[in-house]
Every structure is written in C-alpha cells, then in structure tokens.
Amino acid sequence: MTVKKSLLSVKNLCFRRDDTDILRAICLDINEGEVLQIEGVNGSGKTTLLRLLTSALSPSEGSIHFCGKPLTDCRFDYLSSILFLGHQSAVKMGLTAEENLAWMSGLMEHSHSIACALEAFDLKGYSDIPCHRLSAGQQRRVALARLMLSNVKIWYLDEPFAALDTQGCTLVEQCMQRHINGGGAVVLSTHQSVALESLRRYSLPALNQHELYR
Amino acid sequence: MNWNWFYRMGSPKWFYYTTSRWLPWLGVMTLCLLVTGLVWGLAFAPEDAKQGNSFRIIYLHVPASLLALAGYFLMAAAGAIGLIWRMKLSFMVMKCAAPLGAVLTFLALFTGAIWGKPTWGSYWVWDARVTSMLILLFLYLGVLALQYAFQSQEVGNKASAILALIGTVNIPIIYKSVDWWFTLHQPSTIKFTEAPSMHPDMFQPLLVMILGFYCFYALALFMSVRVEILHRERKTAWVRDLVSQVAEERVGVNS
Amino acid sequence: MIFQFESLNQFVTMDGHGIYVWTAVIVSVLFLAVLVINPLLRQKDVKVEIAKDQLREKQRQVSNREKT
Amino acid sequence: MLINRRRGDVASPLIFFIIAATLIPLGVSPDPSVLSMIAPGIIWVMALLATLLSADRLFDADYNDGSLEQLLISSQLLVMPVLGKIAAHWLTTGLPLTLVSPLLGLLFSLPSEGYTAMMAGLAIGTGCLSLLAALGAALTVSLQKGGLLLTLIVMPLYIPVIIFGSATAQYSIDGLAWDVPLAILAAMLTIAIALCPIAIAGILRLTTIN
C-alpha cells in the first residue's frame, strides 16, 4: 500500500468562547483517499470543529496546515478545494431543484451535468418544482446532489444522513466511496456507523460536562 | 521599542490592583473638585448680565456635554483597540463606558432643557447642538442595546465595538449636517452661540468643574470596570484568592 | 471673590431662577451619585456570588470524596 | 447572480409607503398649503421607514437556510455577494419608491418645481439608506428580535441622508440651487458604497457563526 498524501494537518487546535473551552488540543490529519468520521456526544463540538476546519471560525490557538502550508497563507487555494454541507442545507426554497444546484455549483466548477446528479438522487421528476413543495428528505437530497457536481479535494459533511432514508444513505455512501477512490478526502460528523473502507474515526472527548450543567 | 507596558496594561489583574491603589485618591480629588467648583459656581461666580442666575446651570451642563462626547470617542477607541489587539480589558472598558456616557448625555440634555426654559422660553429648542446631543444619546443606546442583545459576550463586544466605530465616523458628518440643517431652517434671528469670551471669574469655576467631571468619569469608569473584571475573571486563580481572602476576613471578624 | 447673594433666602430663590438651577443641580448630583454607588453595590454582589460558587464547589468535592 | 425571487416583497414596502403617507393628511390637516410645506419631509420620512421595514429580511433567509455560511467559506470575496444583495434591496425598495413618489407629490400638492429634484434626491438617497440598512441588518442577523434593534442602530446614521434629501426637494421649491445638497448626497453615496460592503462583510463573518 502506498503512503497516503496528507492534505490537511491540524496541530493542537483550541477554541474558546467567553473563556470556556469548547475544543481543547485537537490534533488530526486528513489524508488523500480517506474518510474521517468525527464522533462525540451532543455538545462535544463536532460542528464547531468542522467550522474551524472550513475556516469559518478562527481558532483561539493552534494551527491548520493545508498541503504543508499554513492556512492563512493559502486561504484562497484551500477554500476553492473544499466543500461544506452543514445542518442547514442552503437550499433556496423559492428556487427549483435545478436552479438551486446551478447556483450552488456556480460556486465551483462543473463536472457532471445537473440532470445526471438529480437523476442519481431520484429527483428527476422534481427538477422544476420550487423546493418549498418538496419534503424535508427531498430537500436534503437536493443539497446532497451537490456532491455529484463537485470535483474539489475535501468534503466536509455535517450530519449528512439526517432526514435521509436508507436508500438515500447508501447513495451518499456510494458518492463518498467514489470520491475517495478518486483521491479525495471526506470528513463527516455522524452518529451512524458508516460501511466504508479506509475509514478512520476521531472521537471528541466530552469536555466540561459539569460546567455545562451548572 | 518596548511594548511591555502596553501588554501589561491589557492584563485585567494588573488593572484591578493598580486602580485599587488609585481609587481613594481619585475619589477624594473628584469630591473636592466637584464641591469646590459647584459652590464657587453657584454662590461666588458673578451673575450673568443677560441671563441672570440661570446661567449657573452652565457649570453642570458644559462639563456633562463635554464628557458625553469625549466618552463616546473613548468608548470607540477602546472598541478599536479590542478589535485590533484582541484585548479583553479594552472591551470591558468599552462595555462600561456605554451606560456611563448615556447617562452623561442624558444629563447634558436635561440640564440643557432646564436652562432653556428661562433663557429661550421653552424647554426644547431644535437647536443644532441640542439635536446633535440627542442623536448622540441614540448612538449610545444603540451600542448598549446591541451589546446586550447577543448571548455570547464576545460577539456582543465585537459587534458593538464595530457599531461604535461606525458611529465615530458618522459623528462629524451628523454634526455638520445638523448644523447645516439648522442654519437652513433658522434665518439668523437668534444666535445661540455662546459669548465669545467669558469673564475669568466665571470661567475659572467652570474649569474646576470640567476637571472634576473628568476625574469623576475616570472614577466611575474604573469602578464599573473593576466589577466587570471580577465578574468575567471569576474562574481565574487570582480572583478566587481575592474573594476567599475577603471571605476569611469576614469570618474572622464575625467569630 | 465675594458671595453674590445678600441673604441665604436669595441664594435659594436666585431671582426666580432658583427652581431651574436647583433642579438641575439636584438631578445631576443624584445621577452622578448613582453612577458611583451602583458599581459599589454590584461589586459586593459579585464577590458574594463568587464566594458562594466556591463554597458550592467545595461541598461537591467533599461529597465526591465521601462517595469514593 | 444572487437576486432572489421574492415577488411579494417588492409590493409590501411600496404599499406601506403609500398608505403611511396617506395617514399624514388625516392626522395633520388636509389644507394644501400646510401639506405642500411639509411634503418633502413627509415623503422622505416615509421612504426611510419603508427601507427600514424591509431591511431586516435582507440577510434573514440566507442566514436561516445556511447559505450565508456557504458564502463565508466560498473562495470568492464576500464583498461581491453583499453588494449584490444591497443592489437587490435597492432595486426592490428604493427604485419603486422613487418611481411612485410623484404620485405622493400629487397627493401632497407638492409645487411642480419640486418633482425632478425630489426624484433625483430619492434615487440617490435611498441607495444610501439601503447600504446603511444592510449594515444594521448584518449586525442583527443572528438575533431573533432584530427588527427593533435594527431601527435603533440605523436611525441615527440615517439623519444626514434625510436632512440633505429633503433639503434637495425644498431647495428646488424655494428656487435655490438644489444641486448642492444633491451633490452632497451623491458624495455620501460614493463613500457608503466604498466602505459599507467591506464593513458588512466583516460584520457577517462575526455575527453569522458564533
């Protein structure tokens, strides 16, 4: 087996809010062709960690290196090679599924066509219906169909399986498999177990439990 | 250049202990200056030829307005320092300066209104200065409200610091435009500009009062910042030690 | 420097302007006093609160020790 | 690129603008001489309230569905979409208000000399209003009850705009050179266009996530 190339390395990452530690001393590596699953109980900071990794938040301490360079030096390169899907799916209710995808992938470069992506996610007949008339699961599928359209290096998926049925989950897993086979990397936070090869787990410790309850 | 002093100044602990040494002196000085200035101004300064005794309100009105404005700039400067150097202490200063400034602005407006009644015949005149002062009050209230609207202390601090800075950029514009608006609507029949030169006998007590207000401002600001420090640094070792010391002393007295 | 009024009574009335001057003075002094007294009171409150917190923590530590 | 389809939103500030202005004669006096005197001021105050009313929805939808977060981490500069948003806001409030204002001028028996100046002033001035409103909207985007706070924050900043805006109309009615206040308005707009989007982008980074 060849040595996997490291894409992102995180050293001693801390995040504090109002003098309370949210994340403490996180060290992790994200390699090519690998899925990293971030685990942790509710409130352990999974979403915060993803936001730090996507540089939406800036860390209180520690450093993030992308391809060996500190993130602050290559922000543009980094941002154009990641994709983030959060709790909120960023689907515009007033637009149709097709328009939504065009808008979202307009942020990146095209690879497959939109129709293909929609077909893969079983949304073929719904492409010209405004999204507010779709069900929650279907809206989620629209958001996830973005994965088919992107050709960036790293995917960050925050709870991608929420509101999806088993078939949808399998689809997403297939997507991820294809992505890592192509040399990409996936970071996802979920409670579900994922059946994928080359999966690594990173568990976040539950911090300050007693402080939270006070 | 040695920047040590600057960073030391940013340490809440250092601030707390240094000001606790200054506070008594500052308190005594404030009291002396204010009492002297007030008695001098109210009783011993000569009567104004045109306005009679009502002009004596100037000894409260002018220092209050002066500090209201100066306080806004101080608040904005503290906010800027906090944003740039991420200094916690300067955010605390900013947070405490906001209510202080708002009260002073209100006082300036209030004394101005009372002064206006015997002088201009009405409590409220849409004079350029009065209007600007009212807008300043709104700016203060905006900063205050924004500060407390956020759940996170940090975000509230930064957001209100930005707002304070925007306000600072706008104050000259607002002032100029209000001034211009006033001259537009008031054909120069009455001039509210103050007498070009004040008699020294009148001016000296005013100077004392202004100094007294500056001291007062420092005193009140320090005191509320100290409370803020204790509140926010409650988990640090030095505050714990400080409080347990006080508690032990009290227990010692009781037993 | 001389006292400007002939009698104390006149000092209070100030030729009819007394009411304005004195309300201004009283209100101002009141507000300034509040600005100083308020932090003093709050300081006491905060200290008591912190002391209580510490006490609670100590008790919890003690009870934890008893459990083990 | 980013202008959304919100058809209903165009109408509501406009209707508000007209209805609220209709209330003034009912509350003050139907006398044309009184009305024509206060007309520029009333129209401007109404325009201000109408922009403010629609401002708190400026970033709201994007915040709630997470697309604001997407914009934050997109490789593009945040300033461009922000500018686009503001432009959209102006196109849906400022521009219709400007176009409808002659109608209100008619209702308020505004002297005929005032129309051109008033419309020119409104066109430029509402741009300023939109930019400043966006500033306030960015600051209050993550707050549930941001609307009232937004008003408090933005109102003082609006004052120069409203002074020079109504002065433009007033000047032309009085037969003075109304290009002076108009030029000042334009200057304010230029400065605001240059500075506000940058400030807003910075504020959004702070308030969206945290």
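Each chain gets a letter, A, B, C and D, in the order it is written, and its residues are counted from 1.
Going forward, a contact is a pair of C-beta atoms (placed from the backbone, for glycine too) under 8 Å apart; a residue touches a chain by one contact, two chains touch by 3 or more.
The model shown is predicted, which means the values in this text are computed figures rather than measured ones.
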{"item": "Path length in the contact graph (chain C to chain D, fewest steps)", "value": "2"}
{"item": "Pair sharing more residue contacts (C-beta pairs) when B-D is set against B-C", "value": "B-C"}
{"item": "Chain B and chain D: spacing of chain centres that average the CA atoms, whole Å", "value": "33"}
{"item": "Centre-to-centre distance between chain C and chain B (centres being mean Cα positions), rounded to whole Å", "value": "16"}
{"item": "Interchain centroid distance [CA atoms averaged], chain A/chain B, Å", "value": "49"}
{"item": "Interchain centroid distance [CA atoms averaged], chain A/chain D, Å", "value": "38"}
{"item": "Multi-partner residues of chain D (each touching 2 or more other chains)", "value": "210"}
{"item": "Chain A, residues touching no fewer than two other chains", "value": "17"}
{"item": "Touching chain combinations (by label order)", "value": "A-B, A-D, B-C, B-D"}
{"item": "Parts of chain B lying in touch with chain D, wherever the complex brings them together", "value": "135, 138-139, 141-142, 145-146, 149-150, 152, 154-155, 158-159, 162-163, 166-167, 169-170, 173-174, 176-178, 180-181, 184"}
{"item": "Complex interface listing, chain D residues touching chain B", "value": "135, 139-140, 142-143, 146, 149, 152-153, 155-157, 159-160, 163-164, 167, 170, 188, 195, 199, 202-203, 206-207, 210"}
{"item": "In the complex with chain D, residue positions of chain A that touch it", "value": "17, 51, 54-57, 76, 79-80, 82, 84, 86-95, 103-104, 106-107"}
{"item": "Chain C-touching residues of chain B, taken from the complex the two chains share", "value": "34, 38, 40, 42-47, 52-54, 56-57, 60-61, 64, 100, 103, 106-107, 110-111, 114-115, 117-118, 201, 216, 219-220, 223-224, 226-227, 230-231, 234, 239-240, 243-244, 246-247"}
{"item": "Interfacial residue positions of chain A with respect to chain B in the complex", "value": "17-19"}
